[in-house]
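Letters A, B, C and D name the chains as they come in the text, with residue numbers starting at 1 for each one.
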Amino acid sequence: MPGLRKAAPQLVSLGVILFFNWLAFPGFFDLRIQDGRLFGSLIDVLNRGAPVAILAIGMTAVIASKGVDLSVGAVMAMAGAVAATMTVAGHPPPIVLLSALAVGVACGLLNGLLVAVLELQPIVATLILMVAGRGIAQLITEGVIVTFNDPGLIFVGTGAFLDLPMPVVLAAALALLAVLVVRRTALGMLIESIGVNRSASTYAGINSRLLIIIVYAFSGFCAALAGIIAAADIRGADANNAGLWLELDAILAVVIGGTSLLGGRFSILMSVLGAIIIQAMNTGILISGFPPEYNLVVKACVIILILLAQSASLGGVAWLPRRIPAAKSKEA
Amino acid sequence: MSSRLLPFYATLAIFVLAYGVCVFQFPNMLSTRVAGNLLTDNAFLGIVAVGMTFVILSGGIDLSVGAVIGFTTVLIAVLISWYGIHPLAAFAIALAISTAFGAAMGVVIHYLDVPAFIVTLAGMFLARGMAFVITTDSIPIRHEFYTTLQGLYLRLPGGGRFTLIGGLMVLVFAFGIALAHFTRFGSYVYALGGNKTSAELMGVPVARTTIGIYALSGFLSGLAGVVFSLYTSAGYSLSAVGVELDTIAAVVIGGTLLTGGVGLVAGTFMGVIIQGLIQTYIVFDGTLSSWWTKIVVGLLLFAFIALQRLLVVLSDRKRLLRNTPT
Amino acid sequence: ASLTVGFSQIGSESGWRAAETSVTKQQAEKRGVDLKFADAQQKQENQIKAIRGFIAQGVDAILVAPVVATGWEAVLQEAKDADIPVMLLDRGIDGSPDLYMTMVASDQVLEGKVAGEWLVKEAAGKECNVVELQGTTGSSPAINRKKGFEEAIAGTPTVKIIRSQTGDFTRAKGKEVMEGFLKAENGGKNICALYAHNDDMAVGAIQAIKEAGLKPGTDIKVVSIDAVPDIFKAMADGEANATVELTPNMAGPAFDALEKFKADGTLPPKQIITESKLYTQADDPMKVYEEKKGLGY
Amino acid sequence: MSNPDLLTARDIRKSFVGFKALDSVDFSVRAGEIHALLGENGAGKSTLIKVLTGVLRADSGTFELNGDPITVRDTLHAQQLGIGTVYQEVNLLPNLTVAENLYIGRQPKRFGLVDTRAMHKMARALLADYDIDIDVGAQLSSFSVAVQQLVAIARAVDMSGSVLILDEPTASLDRHEVELLFGVLRKLRDRGLGIVFITHFLDQVYAISDRITVLRNGRLVGTRETASLPRVELVSMMLGRTLAAATEHGRRDAPPHSSRRIAFHDFGRDRSIAPFDMTIHAGEVVGVAGLLGSGRTETARLMFGIDLADCGTIGIDGKPVKIASPRDAVRLGFGLCPEDRKADGIIGDLSVRENIALALQARRGWLRRMSTSDQTELANRFVKALDIRTTDIEKPVKLLSGGNQQKVILARWLATSPRFLILDEPTRGIDVGAHAEIIELINKLCDEGLALLVISSELEEIVAYSTRVRTLRDRAHVGELTGAEISTGSIMQAIAADPGGAK
């Protein structure tokens, strides 16, 4: 597990953001039980951050393999649309959930095939589904918000388990599961290996094609789960807006978590932390009472500050002498 | 040399083929009007795409371009309409700011070693946010100078127009091609994209080049903003949302690799025109619902890229056999 | 010969927009008009491209739902030069009225005003703190509906907006932002009413209010704009109080005007303003819901 | 006739996290001399070069050029000072043309724009000195490593106003090219340049250098006149011990042909390598010799399933098998140390431990993970067995010196206990000590029953361990030498037989 020292810049960033939130709203840390679940701004941060955290889990694996998945937002919309229309058509929740997740996995497989077999550049390969996927989602819902009332499905979005909101529980469970799978098997090392040097990995006998497909399929699965949660949360599938631009948030979360966009070393838990940082900032903006015109400026400034902190802690700030990365001088 | 030009020829061939198919289906599409529209309507996209090509060739990415366009239109409109500044002066101010903005991102990317993706994402938030802060209203620009500029076009036989902004795009492409292939700066850009460490060891001025590249992209985004404001005679904080993705797609369709180091500015021109063609085709078709529009755009995108890959792979194979060196 | 009409739609960003598209298609079909549809994916540049494309195709008329008021003069001048009449839907443009034949639109400021007046009446002189869910920052409905509402409550110092944030016109953001409001305003106890720039955000916010343990419609009054079916269901359940209708049938009057013009050259009035009708719980919401369900919202 | 010192470095110190790569090193090169810089893998040679040329900043120390103190800001500055450098590993830009690589940053201009025509003309003239006649407008990546290496050298030579530094330039060159290079170097020396030359080939050192400086573990051992330094003493200066005479290996006899064998029959690929037959028995070392571009690497790639054969069969111990990917090959107990270790060998960001465990792990499948302690144990074992110089096994492998990276890849395959190992230029960039160790290792491995196919440009080395030698020419297997036939002379004759076939 990454040492606390390695996570220091992120933890400090989170702390500072939470502190400012508290300044803006003294009741920020208040918690109480409401209708059998914890209630409070802190819980909101976790609850609202859950979909992005889930996306970030999948995205981490993709980025570690030197890829990127722009389609996750559209896949969220598709999964939500499938879940909602099937529910409205009267299918039982287990079937609905499985189908929606299957749609996500199928999308991921498609991305994976484009990247691993056709060898398209990941950004382009997934851009295709990013554009077309939302269209497909709208085709499924015919452009309307499909509202449903099935308690089973709604539970996924607004229910509680051990007083915690379901999205938080699901995100946490997925994160733990993913970490276990990745670190208790050799998957993590093999993915990192492919991300650093695919050619050498193939020479070493790694089935890099299959692994890449698996990684994208996993990202599709995560996106579908996030999509189901998003739909269940508002009791409706909003194909037009569900997951819109969330791919950028997910990538941002991964980068804030310290995984390089160039592939290789990754940490799922750190990406989840990155997602929480982003949401803490968003929630802070909401309760700060600033006019909405300032939202983006504030967001930009916070991101820049976090990156500065991170860069400084890595000794990256070298203003005066020209910096030639000693570590890189041997490596392409 | 031929290996460099290969994706370009592939793209060109695909374009000709696609245009042929379009004309076969809608004979009206073979007109100077459509051709003129392709240039005029995609002028701002083409101009940012030139900047984006340099960025991507160097192995980076610039997500801020759409927001910078939006910001520039607002700034220009406010300067002209609220402060009564002459448009030319407003253009100069806007271009200076957008260039400085790009350069600043370049500085952060190089000296703090933060990925371009994230820096320019923050840049996108910042530029769009600053536009909101200035004003959220859409501001019309009424100035004689604008009317004059808009009135400058060549009427082509058949009713088409070769407009000032269309011409400007063509000029920018010519400039971009010269810069990429006939200057030292151009070779530095390719060098950075090929291998930054090697480039550094070979004495390429990495800092200067990186900052220059993002400044160029900022400048061209600003110029695209100027064009956009001429195109619409207005400034609006929400204009050009999502243009960064269209631009990246255009560059990539044009055969440039996102990993950097490989690609041609001329290819980007084809990419822009192909995207315009896809949209024109959809408008001429006129039966696609909102969602089918998205699906079809996605499918066509895929078709183009897959076809291009196929052509490149096929001829690459042939070439390897010939080009076996000693 | 039947008419060929090009329709440049903004996109499909909301249920209301989808309804407008499908109503337009229905209206065209009913009249035997050959409708060429182009979705601009929220981008003005795409709308301009589409209009230019329509001109190049030589359509008989063009319908445009402009995404923003500015920036149309050049392209509409081209249409005019090509003798193609243009009709604007939803909103007017900033520019000479000569550029278009007519405009069918609602009065967005009035919509906000109607909502505001309803609330002022409902509050009946009592203290009422309002939270506002704005539309997408910078979009004209967001700007105008805010303006109209503020005008309506301006004369009533007891009714005031205490918090205002953007909910991007979406249900999800509406819910998220409302959650923030509720926390920040003493668990919602300080809030007397919610004003949302569209119904979708209101529906999301209603869920947030319920999850906070309050009763929407009673503890916090809910007024919004658009009159999409889901809000009528909420009104029937007593969870929403009022909505202002924005009719999706903008194309009908436009086609009427066009047909008249083609028949005998009658020029329609420059502005056809649709009604901004207020619906409250007293208007048999369930019935309206059933009526509206099939319209493609 | 002692020329004045041209470039001098005094008391240079450079530490990386945790250890000293250079510890108070003095070094100087005179005008008109060729100065060999020698030392084991990881001794700090490349680090010294990087410090001299501004890639790395020394922690302390002073530099003088022509007697004037200087501070080299960066590589560009070094070039401006007239110091031309070829760094270890080809450090050029594969996506640029040959001409652009030669002239980047100093392209000829006409009307403010780069004059491509003139540049190509200059490039052709420049390369003619090295007997290279290629399309200088083609991408560098379309040429072999050797050509790329020569281009890098030509570039550095052309840029060196006063000092030329070459860090293992001859690693991928064959005899002919080395001779050409030496000719150029002698010419430059006579013109008064100071040349620093790093290599692990002692023959080359004696053939060309005037003085020798030896580093060991980051410290200066000494600087001596080449003429007065016996080879044995040089080796002991480098290693800090004397090397057993083991390098002077006698030829090995072929082992009795066992039933354990790998047989390729009629194996080939259109336009890549003509179909060939080859049977390798357990305990045998088959050397592969050929000129650059003769198809040696292609043979290896084909055998290992990287390129797919379009004809032929493979049999292991008489049973037919299929190889459609490296994965299949690994599963059958094959291993391959590739020629280009940076691109196809090391996983730079992963640790030494992970790099060593990688192939074994890949073969076990992702479900059966080797525990970290097993990996550590494995890595430690091989670090010790192969004497891999690293501060610890968690160090990213890209931070190791070139020769040690090579050993890590070798360890990766040995860890899988392969039955058949293909080594493509295994001793490239490896120091004399390790060289001897690797040859010894090869011999030991085949005593243990491993079948080996070794590709090498060093004929002495091939002679030293091969039981048979396969010779290649023009992408076809043209002959085989066995037993007493094997000698450098006979191999030379076989691979160059057709005068029109290769340069």
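By definition in this document, a residue touches a chain if its C-beta (ideal position, glycine included) is under 8 Å from a C-beta of that chain, and two chains touch if they have at least 3 such contacts.
For each chain, UniProt lists the protein as follows: A = Sugar ABC transporter permease; B = Sugar ABC transporter permease YjfF; D = Sugar ABC transporter ATP-binding protein.
Quick caveat: nothing in here was measured; it's all calculated off a predicted structure.
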**Request:** With one step meaning two chains touch, work out the least steps from chain C to chain D.
**Result:** 2
**Message:** If you average the CA coordinates per chain, which chain's centre is most distant from that of chain C?
**Reply:** D
**Asked** Which pair, A-D or A-B, has more C-beta contacts?
**Response** A-B
**Prompt:** Once you find the CA centre of chain B and the CA centre of chain D, what distance in Å lies between them?
**Reply:** 44
**Asked** Distance-wise, how many Å sit between the C-alpha centres of chain A and chain B, to the nearest whole number?
**Response** 29
**Item:** Cα-centroid distance, chain A relative to chain C, in whole angstrom
**Value:** 33
**Prompt:** Which chain D residues reach two or more other chains?
**Reply:** 55, 74-75
**Request:** Would you please write down the residue numbers of chain B that are in contact with two or more other chains?
**Result:** 132, 136, 195, 197-198, 200-201, 289-291, 293-294
**Complete:** Among chain A residues, those touching two or more other chains are 138, 142-143, 292-293, 295, 322, 324, 329, 331-332
**Fill in**
In contact, pair by pair, are chains A-B, A-C, A-D, B-C, B-D
**In the complex with chain A, residue positions of chain C that touch it** = 12-15, 17-19, 21-22, 134, 137, 163-166, 168-173, 175-177, 179-181, 183-184, 186, 200, 203-204, 207, 211-213, 230, 233, 296-297
**Request:** Over in the complex, which chain D residues touch chain A? Could you list them?
**Result:** 16, 50, 55-57, 73-75, 89, 304, 306, 325-327, 329-331, 336, 338, 342-350, 354, 357-359, 361-370, 396, 398-399, 402, 412
**Item:** Residues of chain A defined as touching chain B within the complex
**Value:** 118-121, 123-124, 127-129, 131-139, 142-143, 248, 251-252, 255, 260-262, 292-301, 303-304, 307-308, 310-311, 316-319, 322-325, 328-329, 331-332
**Complete:** chain A residues touching chain C in their complex are 25, 27-28, 34-35, 39-41, 44, 48, 138, 142-145, 147, 158, 230, 233-236, 238, 240-242, 283, 286-287, 289, 291-293, 295
**Complete:** In the complex, chain B touches chain C at residues 26, 28-29, 31, 33-34, 37, 40-41, 44-45, 132, 136-140, 150, 159, 228, 231-242, 276, 279-280, 282-284, 286-291, 293-294
